[in-house]
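Both complexes below contain chain A, partnered by chain B and then by chain C.
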Partner chain A sequence: MSERGTLILTLIGRRLIALVALVVIVSLGVFSLLYLAPGNAVDVLLGHRPRTPATVRALTDQYHLNKPFLDQYWIWLEHAARLNFGSSTQTSLPVSEEIRSRLPTSLFLGVYAFILVVVIGVGVGALAAMRRGGLLDRLVVGVSVVSVSTPSFVAGVVLLYVFAVRLGWFPVFGAGSGFAGTLAHLTLPAVTLAAAGTAFVVKHTRAAFLGVLDQDHVVFAKARGLSATRIFFAYLLRNAVIPIVTISGVMLSSLIVGAVLVEVTFSVQGLGQLLVQSANAKDIPMLQCISLLIAVVILVANLLADIVYLLVDPRIVLGRR
Partner chain B sequence: MKTKIGMFVAVVAASGMALTGCSGSSSSSGSPKAGSATLRVGSTAISTLNYDKSNAGYALGLGDLVLEPLLVLNSNNSLTPWLARSWTHPKPTTYIYNIRQGVKFADGDPLTAADVVFSLDYYRKTGSANQYNFPSDLKSITATDPNTVQITLSKPDSSWAVVPAASQLGIFEKRFFEAHKSTFGQPGTGVSGTGPWQLTSLDPTTGAELTANPHYWGGQPPFSHISWKFFTSETDEALAFRAGDIDLAFPQDNTAFATTAGTKLLTVPGATVVGTFEMNVLDKPWSDVHVRRAVAYALDKPALINAYGGYAAPQTTLITSAMLGTVGSQAQVQQVLGAVPPYSYNLAKAKAEMQQSAYPNGVTATLVTDSTSADVNISQAIVAELQRIGIHAKLKTVSPDALTTVSLGKNRAAVPSGFSTYGAVSLDPGEGFDYAMGSWNATAGNWNSTNWSTPAVDQIVKEGLATSDAAQRMSLYRQLLIDYANAAPLIPIFASETTVALSSKYTWPSFSSTWQLKAPWALGIKAAG
Partner chain C sequence: MSAVIERHLDLTRHDVRSRRRRLGLVVSICFLFVGAVVVMAIFGPLLAPQDPQAQHLALVSADPSSAHWLGTDALGRDVFSRVIVGARTAFFGPLVIALGSFTLGNVLGLLAGYHGGRVDALIMRWVDLMWSIPTLLVVIVVAGAIGASYWWAVALLVILTVPFDTRVVRGATLEQVPRPYVEAAKTLGVPGRWIVVRHIWPNISSIAIANTFLVFASSLVALAGLSFLGLGVSPGTPDWGLMLSENETLLFANPIATIVPGVMIALTATAMNLVGDWLDESLAGRGATR
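On to the complex of A and B.
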């Protein structure tokens, strides 16, 4: 096996060990914060309906709310180790099913937005760098500032009103079904979600390209008469994309699990919304599972970024010089 | 109290007005025409139709189309037969219901008394979220034969009469439940009911689909299909309505919905949701009755309704005229309301009351509201109005959960004062708001947030439920309302209107504040023109 292949496998192994430790730390942290927060799940569950002492007692026993903190955590951990994350206190449905029903939508939306961010962000950023100082460059910078400054729910409502309600080009709500249906339903949400990230990537790509454009090896390649396409892909992009890869891991994970405002705006049932609803309802079983999932998504996304890093830049041997 | 109890509107049971047994009619109200149209409805998500676990199924109206109660209300808000073709009340502690023959569940199995007993026992079991619907003196529910159900109370209680008409106590099939115990009501399983529609699919992330029940005892439903979509916010729902993707929705924030949807809502006078300013009498300055009366005179109700966002009418009593009307005639209702001191807006009288109080030179106080924008708006308007009579109130906003916690807490003196809405759990004037009245409810875990009551009020609340005599009950509630007005622990401000957003393709002539109690509600929707 090549040295790079060995490096990648070693990297994956180390990250998996880190994942286990992280999962335990995150779960304990989330459990502690929920335990300390005011209010309890029974009050949220019963809301403002009249309640009988028997109902309160039964629900308290059901969710072990009368047990000490560590006992509650241990009960949860025992079940979680067997991949039994319990039932949602809000909906009474199994936590794993609730997450399973929303995960594909969040993944589709996150990956769709990520592709838009990378393709448009890198493409436009590169173009702006190569037309530095020109009208296009100034336009790109201006639009980027507006994009990053506009809250996603504002952009979302505007896009929804114009393109879905008035023009009827896209569906108004929901995630659709089937690949084509989902693509149509999630285009406006993905564009909304990608807007701020794209502006960020444009800025970084432009800066990275500007740093590489004046390098000696690029000047030499031009002098040798290599085609513009070859210079772009082999000399410019490969060197300039390294900082983009660095941030892409964080960006991908935040697009998958942090899209709550976009999900609410477009009525898309995803993980972000589930997280916020569960936090409001002090739905401990759901919150625990989503927190763990977020930790896994972040770790996997960053691992993928590091692997791409290794593949893109052969000089990097991660941890070894 | 700062908690919004509007959800109770969805669980209102009928009045105890017509307690005599009625010979049943053999069909539902009107004969629904056969139809091939699809009605498209929008709401927030529903995760289960197991009412033991969640009330969203009936609160949002979906469950009402699948599961039916024993009785419903007619257009006069009187009890009328439904799954029970008749009922009798042979003794003060006994009710007997005769089950309608020929009623079938969606799977073709016949409805029997055993299904009724099983369903009601399920709803009232210890720990059930629906247990509060049943009076504590309910002794037993038994099937005396395949078509007869007997209710036995340990003592006379007129609040039982309305319980069988509660939309949250819809009858389901016992056999179906036993075959799907662990997943009953959940996506993939659903429920088996006698309603005009059957649940074909339920997905909490997208919506539900209902198809016409081929065995429905009331004839062909007007819609062959109901497509129910779930939305994460009312803005989305309103936009979908505007785009013509849904035909009907029940908005919570009426003003925002109507504006975003570009539609005029269908509105009717409300009967069961009352906005109030409540004062904890264990806390200063609200412990002073002159301060409370000063507040009553100082509140400009039309202005406060505007601040709230409209869709409400001024209200002078907690128990509404519609609720009293289920016990007495309109003339009797007017007589009762006429006897209650009205506290019309009058700053001079308000200031005069303050002069008689322990704070003639003014006082500071803290009001608490939850963070719902409408509640915050009206609370700010109340602060401004109290300022004019020397009450310098500071407004604090907290999350609904935090407000619930402190309102139900052991330290009753710490229960906050401020704006709150009350939702009646019944149209019966005794049962409707009794969860918030009486000294026994001024305790931890209960909802008498003013902590006010007197031995006389306690007695009235008990006596009102112990008798079925209409004249006696009207007299009791007259005195109750007078006592409340004189002590003024809470000031009714408005009664919320009941609203619906309905596509111009349809009309709903029978829409009223008790729409959920008048048979499966979608039977009343007709094509326009």
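On to the complex of A and C.
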């Protein structure tokens, strides 16, 4: 194996260990939510259910509340690894079932928005850079300033009013059934969710392309008479992708946060809406499960972004980060 | 030939001048808008034409009229008055976050940048860790555990925003430390704390102040978002974020009651961002030419 290959593997290994350590820290924080809540743990877990000696004993046994803190944490972590997070204090149903039933909607919304962000963001950013100083370029720069500062819930309400209430092009709320129905119902939420992220990607893509466009190898490629398409894909896109990969971690965080607000705005029955409902109802087991899930997704995605970054850019000096 | 070049020069000069004037116009509009928000935040209850809490139950979800400029909401409260009074929670919370984060971020950033070594490594490790955390989600989860309240959210957001300021200030400090004037001060035996406060900080303060405007804008959006989700101000408070969610059901009856609070949030945040960018450009430019 080449030296670079070994180095990459070592680096990934080190990152994996750091990932596990972070998951342990985050899960400890997530578990402590039970004790951060005012009142004792039994009352928190009871929620609105009546407090009787029987229910108290059942909960104490179920969550091992009479054991020391760290033992409780360890048991909780073991259960969590098997996706058993206890039952919701609102519905008394297992937390994982509720989450499983809502996950597809959120995933659909997230992937839909992500595709919009990447396709529109990279496309428009590249076009704006090619026609630097032109009308499109100035328009793009202007629109992205407003778009970055407009929160998704404001944009969502305005889009809802214009396209659903006034023009009637899209349904006002709900999730729809079947692929076409889901697509129609989730288009406005996805566009709203994508708006801020797109502006961010446009800005970075434009800067990345401007940086590459002036380089000697691109000028030389033009001088050799290569076709514009060939230059775009072989010379520009590959170099410009690197800065875009580096911001993908931040983009994912903003997509997840945005999804929470967008799902509430459009009454989409997804995980984000569930998170807000659980926070309003102080449903601790549900909060623990959702926050741990989101934390793990973000940590893993950041690791993947780092690995892609290593693979795309052969110039990176390893071990010096 | 020379005439062509002259005309070309003239064109570019004209272009630059007009662009600068246009930028000035946009920025002055931003300043005016922010000024208006500040006035509303301080004197809101005096300026509002009606009591923002008074319910006119006979006149529910009414269209705009001469009595109610922006109509009424589902409880018959005057939307125009509520928008004016709502500036208070939109302004003071973000102000506290921006100032708190400015203070702590500057102390930590200067410490890390000036001392370097283990202090720097420790502080930056922490900053990197906090950097990947989605701020709003942490506030939502903690609010879910300890109960939602506006000032708790403000306090939490101060802590979560500090890494942002720290990173910016540390970067600026690192650029100053190798400069001759710092070396000169060290040679003269000026104590480290004095060098940082009297010599380095004045040189980086412009960056830190410009950054604070950006922090203000993002805190405004975060707090309004929390209120929108029902995890910020208590129910019934006139607040732009809460009005947006309370009045969302009015999109059919009196849409302006929903749109205006939302637009106020977006415009205030945009104005603050533009002022921050402008400060950054003009102050940083001044530093570069000196």
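Keep in mind that, in the parts below, the second predicted complex is superposed on the first by the 227 of 321 C-alpha atoms of A that agree within 3 Å, B and C clash if a C-alpha of one lies under 4 Å from a C-alpha of the other, contacts with A are read in each partner's own complex, and residues count from 1 in each chain.
Keep in mind that, in the parts below, a contact is a pair of C-beta atoms (placed from the backbone, for glycine too) under 8 Å apart; a residue touches a chain by one contact, two chains touch by 3 or more.
Model, not experiment: these values are computed from the prediction.
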Partner chain(s) touched by A:148 [first = chain B, second = chain C, both, neither]: second
Chain B versus chain C as contact partner of A:268, first or second or both or neither: first
First, second, both or neither for A:253, with chain B first and chain C second: second
First, second, both or neither for A:92, with chain B first and chain C second: first
Partner chain(s) touched by A:165 [first = chain B, second = chain C, both, neither]: both
Touching partner for A:105 - first (chain B), second (chain C), both, neither: first
Partner chain in contact with A:43 - chain B first, chain C second, else both or neither: first
First (chain B), second (chain C), both or neither touched by A:53: first
First, second, both or neither for A:287, with chain B first and chain C second: second
Chain C-contacting residues of chain A that also contact chain B: 38, 157, 160-161, 165, 172, 264-265, 280, 282
Residues of chain A defined as touching chain C within the complex: 22, 33-34, 36-38, 145-146, 148-151, 153-155, 157-158, 160-161, 165, 172, 249, 253-254, 256-257, 260-261, 264-265, 275-276, 278-280, 282-284, 287, 291, 294, 298-299, 302
Footprint of chain A on chain C - complex, ascending: 129, 132-137, 140-148, 217, 221, 224-225, 228-231, 241, 244-245, 248, 251-252, 255, 258-259, 262-263, 265-266, 269-270, 272-274
Contact footprint of chain B on chain A as seen in their complex: 38-40, 43-59, 62, 88, 90-93, 97-98, 101-102, 105, 157, 160-161, 164-165, 168, 172-175, 263-269, 273, 280, 282
Residue ranges of chain B in contact with chain A within the complex: 3-5, 7-8, 11, 45, 47-48, 50, 53-55, 126-129, 131-132, 136, 186-187, 203-206, 229-233, 235-237, 239-240, 242-243, 245, 401-402, 404-405, 408, 423, 425, 435, 445-447
